[in-house]
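Provided herewith is a single structure, encoded as structure tokens, for subsequent inquiry.
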């Protein structure tokens, strides 16, 4: 760590040294680092699985790996990326670091619980890695019964136990955030002065707390069925294969909002800072987060339009799915409107934020196709779906995550990253991403089913394009990994507020002291009070950066 | 038939052009809004880029009128999509009554098809053009999904349950049939084809094959062999209710409920006879679980549905 | 979940903030528990609506009297638990210890009876799996019922065991005089948990034992 | 620090006895055929009543903050959503186990 570097001031990084001081820390900022390291590890692992998948799909024949291997690759790719990278990514790293600071608190309400949740996450990860090492699991990350409960002869039980354990880490993080946001706000920090990042994390926490337990019990039932031969989902006994899907998607659809809501929170911060304006329609953006969290729980059946679910239920789920599109649209429109008459600078975090809006827009709009009953029949379980959710999860959540990491990197480390490289990387990621996943929309509408190890030759051209894009995308991810590590030692020392941004986190030093603030701040203004209606402001404008 | 880079799959069923029309509508809306957002972002980001001598921008809190505008318009558009999509969906989901009934059984990793006249095919399905085809499907093991992109139809195939879908092919040709629900190691090998033939070609295709016994006939012989007829006599005398004209009728159950005798009910009555007891009868029927295959159950259902049985009843009355 | 000393943890401003946060945290945790058990209740409801006759027949194989006794035992334990919280607030250390101990004992009685019931089901070949035996036509759905019976009561029993562990910790610390009218949040929180586990059983009892008597 | 919740031992005893009586009642009712589907409604209804008693008095919800009410309610509300939407499918499927009319 950069702890050995100047400034000599005591802050959270240099207050104590040694592995042990990190492993028993209850400081939310240090726990954020623990999470950062572990999710980066899982991101790399999940990425490697994806590399092999894309290589296999270069040719129509299943020639690089065996069918069984390929099935394990996409299963483990999904499991690690969803449960061990995307879901904890922004909440557990940026949320952990920023939620207390942004509301002017010294720490989360339950610091030891916070540390415990990291250990729980690690334990769950260990189980899943053990399953992967022991030979893997081949059910897909969705674990549909009866394949997962009876037919698969891979390490299903070990994997689902790992995910079950990790679920508790999510629950405890969400619980911690909710209590903290309710009870620990600094004097003057009213609900409508909260940064939109906090609103987004509050909404996310609701899903953590109310959704995750359902996944937990569902996976327990699958594990019980495998280990003790209980007959919960067994069709031979008259078990209902669709029941599992209801239980699974009750969590796993809202889980998509777990990934995207925090990214939306990050983007709100970035857009405000780099256009020097309060987010247009702050209240609407704030309530849109809550609306997404709540309505997001009512739409899960749109994963099941062709599953044998009743036509009547499908209609209910379809109309509710369209409703959840509205608050997302409201957010996109408000971000765009924020640029109007702003003072826009093109720093790397802003590039990620603008990229996020573009990719999220495509991801969201293609969701309309899937919510439309007549079209979903055709595109369900094809690459159209794959492309759609990668636009949301990778184009949306990962872009938001990278933008946030860059934005708060000076705060977390006290050092700045190399801006030129960062902008280049942002550009490469954007281009590589589109090249990887846009062809998959076409593949999907043409009818290429997902989870295919070998495919008919007419799909090859688009698959080659996708693989080529993936190699660009991969490069775009490796560059930040290198220069961010480089910057820990060689980056320029950042002041308390390198972006000249609003927000309590920029009022404390970089890196912050262990208790975050020397004295508890008193909040007297709205969020993003860059200027009032006359243009009066108390923070100077940063000079435009060289393009 | 396949070019190197087609952008739309072939349209080979009556439903396909209608799905595509809806697709084009949603695509139009999506392209419009995506374009609106992209152009706005680029335009605003360039126009209001930070300049060296810039003053701080003024606060613009928001606008209720705008918020309402961009809430109501997307809402209206999505409701159009919903209604249009739902109407189409109902049609896709409800097979017409006059359809030719074909049985499809999925198992790891193949499709077994059975024509009403008893012809069986593996991973292939030959159908005549311009004829409505109803598929009644079940699985012997895990969940599969019957997907023919050229027809724009897809339906999951479940163990222990029946699902149905239908299509009417409009263009002769050979179209891919995929399994769309992950079903294990050879999931990607569970590919078949649907061959659409002109009626005359279909007839000659049929005649070119060994004459099979019709599904209903097979069901009838199974019905005799398993001894069903010894209890289920046409007069409905105790111990068992008559099965004549049963299919599609309403059955009064013990406890005052009624149930429509569809495929699912008949299957349940064979596998799990005491789940629903017909009013006035004792629960004495043993289960046939393990004694009869999924194919066999479907054959018996075909027999119970068949015209011969119905006619027989009419003659008796 | 709560801090274990009378000191106020550094992140809190005062004792009231700390206490309110802990209580709120516990209620949120209980909301997650509602959803956790809710998932399995949903499965039960779906299957019961599909197989009412088999579920009734299978339910009649449970011993209603043991279920009734266990319900009463658990209600008694909830009562002693609430008294313990009252004692803690009223600085009645001896009574606090007695009531905590009684709660533990009642919890153990419950688990013992449950274990005996499991044993009986084993003897009667009602444990799902290869040896499951039930009159033929209803056997499959009855096996689903017993799968739910074991999953639901098993999950409940696991919660009981955790609760007894927590109560043991409280008892130990009560003996050392940790709790006072100024600081007894842990007793309150464990109380909330214990009552919640009681509520789960209050629903399990009719769903598993009683519903089969008459449809 | 707040003192003990304003519930007396006497009311605890009252609630305790009420719970025992309701338990006896629900068991007794189970042996009586109420006709229709009434038994299926009554037993969970009594259980719900008992749960409310426990929550309000033993868990002191009656004297708790609004936030505690909200989160206690949220759990059950979300459960309600899950059950209603799932049953909207399970009870209206066709071609399955033939929904009873």
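Each chain gets a letter, A, B, C and D, in the order it is written, and its residues are counted from 1.
As a convention for this text, contacts are C-beta pairs under 8 Å (C-beta built on N, C-alpha and C of every residue); 3 or more make two chains touch, one makes a residue touch a chain.
Because the structure is a prediction, the values reported are computed rather than measured.
S.K.: Which of the two pairs, A-C or C-D, is linked by more C-beta contacts?
M.R.: Result of the comparison of A-C and C-D: C-D.
S.K.: Determine, using the mean of C-alpha atoms as each chain's centre, which chain is farthest from subunit D.
M.R.: Most remote chain from subunit D, centroid-wise, comes out as B.
S.K.: Report the inter-centroid distance (CA atoms only) between subunit B and subunit D in whole Å.
M.R.: Distance between chain centres, rounded to whole Å: 40 Å.
S.K.: Which integer distance in Å separates the CA centroid of subunit A from that of subunit C?
M.R.: 35
S.K.: Return the distance between the CA-based centres of subunit C and subunit D, expressed in whole Å.
M.R.: 15
S.K.: Express in whole angstrom the distance between the two chain centres, defined as the mean CA positions of subunit B and subunit C.
M.R.: Each chain reduced to its C-alpha mean, subunit B and subunit C end up 44 Å apart.
S.K.: In subunit D, which residues are in touch with two or more of the other chains?
M.R.: 67, 74-75, 78, 82, 86, 90, 94, 96-97
S.K.: Subunit C: which residues touch two or more other chains?
M.R.: Residues 20, 24, 28, 31-35, 38-39, 42, 46, 50-51, 140-141, 215.
S.K.: Give the residues of subunit A that touch two or more other chains, as numbers and ranges in rising order.
M.R.: Residues 182, 210, 214, 236, 238-240, 242-243, 246, 250, 308, 311.
S.K.: Where on subunit A does subunit C make contact in their complex?
M.R.: By the definition above, subunit A touches subunit C via 100, 105-111, 113, 171, 175-176, 178-179, 182-184, 209-214, 216-218, 220-221, 224-225, 228-232, 234, 236-240, 243, 246-247, 250, 515.
S.K.: Could you pull out which subunit B residues touch subunit C in their complex?
M.R.: 255, 272-275, 277, 283, 285-287, 289
S.K.: Given the complex with subunit D, which residues does subunit A contribute to the contact?
M.R.: 182, 206, 210, 214, 238, 240, 242-243, 246, 250, 297-298, 300-301, 304, 308-313, 316-317
S.K.: Inside the complex, what are the residues of subunit D that reach subunit A?
M.R.: Per the touch definition, subunit D meets subunit A at residues 67, 74-75, 78, 81-82, 85-86, 88-90, 92-94, 96-97.
S.K.: In their shared complex, at which residues does subunit C touch subunit D?
M.R.: 15-16, 19-20, 23-24, 27-28, 30-35, 38-39, 41-42, 45-46, 49-50, 64, 68, 71-72, 75-76, 78-79, 81-83, 85-86, 89-90, 181-183, 191-192, 195-196, 198-199, 202-203, 205-207, 209-211, 213-215
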